[in-house]
Amino acid sequence: MVGVGVMGADHAARLAHRVAGAALVAVSDPDMGRAAAVASAFAGVRVVASPLALIADSGVDAVLLASPGSAHEEQVLACLSFGKPVLCEKPLTLSAASSLRLVAAERALGRRLVQVGFMRRFDPSYTRLQSSLSSIGRLLVLHNVHRNVSAPASFRSEMIVRDSLVHEVDVARWLFADEIASVSVLAGLSSRSAPSGVRDPLVAVFRMAGGGIVTTEVFINSQTGYEVRCEAVGERGSLFVDAPRPLPADFLSRFASAYDLEVQAWVSSCVEGRAAGPGVWDGYAATTASEAGVRSLQNGGEPVAVETPS
Amino acid sequence: MVGVGVMGADHAARLAHRVAGAALVAVSDPDMGRAAAVASAFAGVRVVASPLALIADSGVDAVLLASPGSAHEEQVLACLSFGKPVLCEKPLTLSAASSLRLVAAERALGRRLVQVGFMRRFDPSYTRLQSSLSSIGRLLVLHNVHRNVSAPASFRSEMIVRDSLVHEVDVARWLFADEIASVSVLAGLSSRSAPSGVRDPLVAVFRMAGGGIVTTEVFINSQTGYEVRCEAVGERGSLFVDAPRPLPADFLSRFASAYDLEVQAWVSSCVEGRAAGPGVWDGYAATTASEAGVRSLQNGGEPVAVETPS
Amino acid sequence: MVGVGVMGADHAARLAHRVAGAALVAVSDPDMGRAAAVASAFAGVRVVASPLALIADSGVDAVLLASPGSAHEEQVLACLSFGKPVLCEKPLTLSAASSLRLVAAERALGRRLVQVGFMRRFDPSYTRLQSSLSSIGRLLVLHNVHRNVSAPASFRSEMIVRDSLVHEVDVARWLFADEIASVSVLAGLSSRSAPSGVRDPLVAVFRMAGGGIVTTEVFINSQTGYEVRCEAVGERGSLFVDAPRPLPADFLSRFASAYDLEVQAWVSSCVEGRAAGPGVWDGYAATTASEAGVRSLQNGGEPVAVETPS
Amino acid sequence: MVGVGVMGADHAARLAHRVAGAALVAVSDPDMGRAAAVASAFAGVRVVASPLALIADSGVDAVLLASPGSAHEEQVLACLSFGKPVLCEKPLTLSAASSLRLVAAERALGRRLVQVGFMRRFDPSYTRLQSSLSSIGRLLVLHNVHRNVSAPASFRSEMIVRDSLVHEVDVARWLFADEIASVSVLAGLSSRSAPSGVRDPLVAVFRMAGGGIVTTEVFINSQTGYEVRCEAVGERGSLFVDAPRPLPADFLSRFASAYDLEVQAWVSSCVEGRAAGPGVWDGYAATTASEAGVRSLQNGGEPVAVETPS
């Protein structure tokens, strides 16, 4: 494992205690004390000083990256160069160009090695909705709500797009089985609970290549609870993913099962030598949509086309 | 009463049987047979051939207009010229210029005589939400869903904006206590249940003058039921108007109480010589927003500014 | 009108301002000041010192009784003796024997003059459920929840049965179109918000003559809001009456439309010379079930058979 | 693993593929073909002809029993005699006397080795409710709904109590942290979808030793979906476990996460040499309540006291 912040520490416990077929053998983190603390919490886990050394380590068969997005390109490329499967937390990288280099590198290798951490594709309520879509005819519109209690003061408006809204980007692509053609991100009244200068909530509108429309409210300082909802509107009815009540405190609690199933699917796919779940292309497509979203936000919400090469 | 189509016939029964302080004395409709049928269903109701004769009739103290929107300007002006209170069904008129003439005419008169039929302002679930708004801090975002089972083949996309979406136009203005600054109306995939050439569903986005954002899905051939929902998102939580389950068949059933309370409030205000409820300005402002919405729909969904003089 | 407490004052405004075909002409209340205050709020309303004088008054065509249950027998009998229609608030009377005398008196008269104030039969959400029952096959089980924020200190456990649970007694009889065969009323842990000695909440179980089962929680000091819910379970699905959110403050707010429709139906039936809504037999049957419920509560919750003559 | 029917086969895949720290090494089932099929689906799994031989096998460290309840006593006793941890599916056994022998045997051993398969204690929505109980003051009443689409023709009314209602028995004991004092099981109208002679739905009422009251509807031929709901009513509000929509097809789908977490907790507790989750006493207490419930059902629903020694 590379990166043992909040998400990484949660994944470490998952790999060690709740997933079949894996053994957590080594962790790496720029904060060596944090790495040592996580390593000592489990039996037989080494601390490796450098992420690249960890990736190269012959005792490491596969790599889970929970490092910051800015570090992902170099680390994923290293995994690919060693032919090691990697589960990379979202976002894949912070720029479309960078993500595209990863797509090219994996393509050159000739086999899938990268899974991207869009865990909602494994959440039981989302998979239930997805597998029921045929019951409502063609999917026409998607409505999403994505609220957090509060965000750290360092969380800027652009990060709301790249780190929060990116989940709905992937959900939209997955449920429509289609690419996003354009993105608008509107900032209106901001809550006085948001840090100065942060536009929150945001309302995003995606237009899918095939015509579908997606609305999303992202509100990361909602003061209430972690509330993720989705309504899929088809020609003959609509389906819901509702938020559990009382609202969970955060995403780790709400999506605990999704993370378990995601990491288990990844470990099982490593053992069986095949790839599973959303891949590097999904990560790249999400990055292009996020980039369009950030540009739209900076330009007063006007629609920005998503440039995706085929 | 002028106009005894579906809505008018419903109001006739309301005036005759469910409202205090009023007596239904005369009806008028271009379809004389329909007028005669409604008149004969109640005691003491005359059929008057011309709407303007009915308005002028000295036995008529106040007028309820359930005629088509295209007839409203002339009929409302006639009511004003006779100094008679009028409840005019939405939309007030079909063009902003026309609605503005009514604003000017009432203003010249120096007193309010016109109430516009935005019945949701009287619906118990909407009024409960409105009166609870202070509990969630400043209102930031509104999400609406407005679905009908199916619409007549004659119902065009523009009418979805003018006749259906206009309810959310008024709800937005009422709940935000603010004017709408711009409107986008997006057409994406259309349901195969919609008549050929009709874009349905539509997704509209309003930006309020003070910054609030409003999303609305209007879907008039949803095949399911009459489903109207509203979520008001504030700084400290959100409030809902949910659709009753099982879904009602149509608006007459869903909003029966709202219509009763609306018409009662109007009759009581006539008796007491004061005006109540949404007025001619509200009707005018809604018309300007509808006009912007129609233009946006024709221009691929781009935001169109609403020009409202002060 | 006889009785102008909270319920009566609400009905007075309804008769004066929201109902077609009626004029409020006289009120009577043991508290003469209260009666005078209500009378002066409306035009042309006299205060009559004695309820029986009011009923006998030749200017009074029909009587709405919102007096205490203990006064109902004498007052309903007076209405019957003068052949005047009467809308009697629930409970009809406080004992089965007393209610039975009213059944006999109306039967002797040979025509229906009594409507009993079970307003839920007029509530749009209840009538929607009732009219949808055929969609779920035979009705098998009913679950009810009936919660008030808080009750006056004078409200005893027996009154919870007679005044609150009686609504579910009538709902059960109405939805099943059947009589109640036995009643259990269980008292368990009481909330520390209930006055000393008051058992609250209560859980009641009715067994219908035809086999149906009804569960009801009544909780009059729930501290949250006025929350009335009903689930009807049939052979092919279930239907709900849900509580509006945010929860209304009290029954006057929750059931405002129901009361309007109830009183309007009564006034219209008076004008047309026919009876409508739940009648004296329904009031009697409810009283017998309440009596069984009180006895069950006093006997530790054991089932008590309801003795209803045919 | 002993028993590879529907539940057992599901657990086999779980142990093999989704749980950390365990290796599935051997299976046993009276149906040798079924056992062979399951064994061959995984690497390195032997078929052992007799359950007792499997339990005695030195290569087996811990045993998961998904055999019929009638076989549990002998098999659990065998596990205890070999000092091996055992996860025994519910019901623990079919009689209170039998369950009590298991309590005594484990007590004689001086340490906990038995976990009983009440998986709802591990379900995220139930654990969220349980951990939020302090927010609603003292728990007063619990309402449960437990519906299956349909049951095999062999499923008798008594089995509805022993195999279905037993989950609510455990939920009630867990949420109240209290024992059940008495049980009533009422049969009313039966659905025509239930096999001849089977009383379905049933309505059960538990009275807890400390006064709490629990209502449960169990309806195993509801024709709709797998619908499990729970409402916990406290002094200051109520909390819900709602059913996901669209309704899941069956318990394996609804409780997949709960089973994963349950089996993982068991495996982790085996590795760490301590016991976790509901134990043999919980299984015994549930059996005594089920026995009372069956007797109540046979006696027309009268309350039957649960005899639990201390």
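A few points about this structure:
Think of it as A, B, C and D in the order they're written, each chain with its own count starting at 1.
The criterion applied here is as follows: a contact is a pair of C-beta atoms (placed from the backbone, for glycine too) under 8 Å apart; a residue touches a chain by one contact, two chains touch by 3 or more.
Note that the structure is predicted; figures quoted are calculated from it, not measured.
Averaging Cα atoms per chain gives one point for each, and the point farthest from that of subunit A is the centre of C. Taking each chain's centre as the average of its CA atoms, subunit A and subunit C sit 56 Å apart.
Computed from the mean C-alpha positions, the centre of subunit B lies at a distance of 36 Å from the centre of subunit C. The distance from the centre of subunit A to the centre of subunit B, with each centre set as the mean of the Cα atoms, comes to 44 Å. Among all residues of subunit B, none touch two or more other chains. Judged by the touch criterion defined above, the protein chains form a single closed ring in which each chain touches exactly two others.
Per the contact rule defined earlier, chains pair up in contact as A-B, A-D, B-C, C-D.
Here subunit A touches subunit D in the complex through residues 15-22, 124-125, 128, 132, 135, 239-240, 242, 244-246, 248, 253, 256-257, 260, 264, 268, going by the rule given at the top. Only residues 137-138, 140-141, 143, 145, 186, 188-193, 201, 203, 205, 207-208, 210-213, 215, 217, 219, 222-224, 233, 235-238 of subunit A touch subunit B when the two sit together in their complex.
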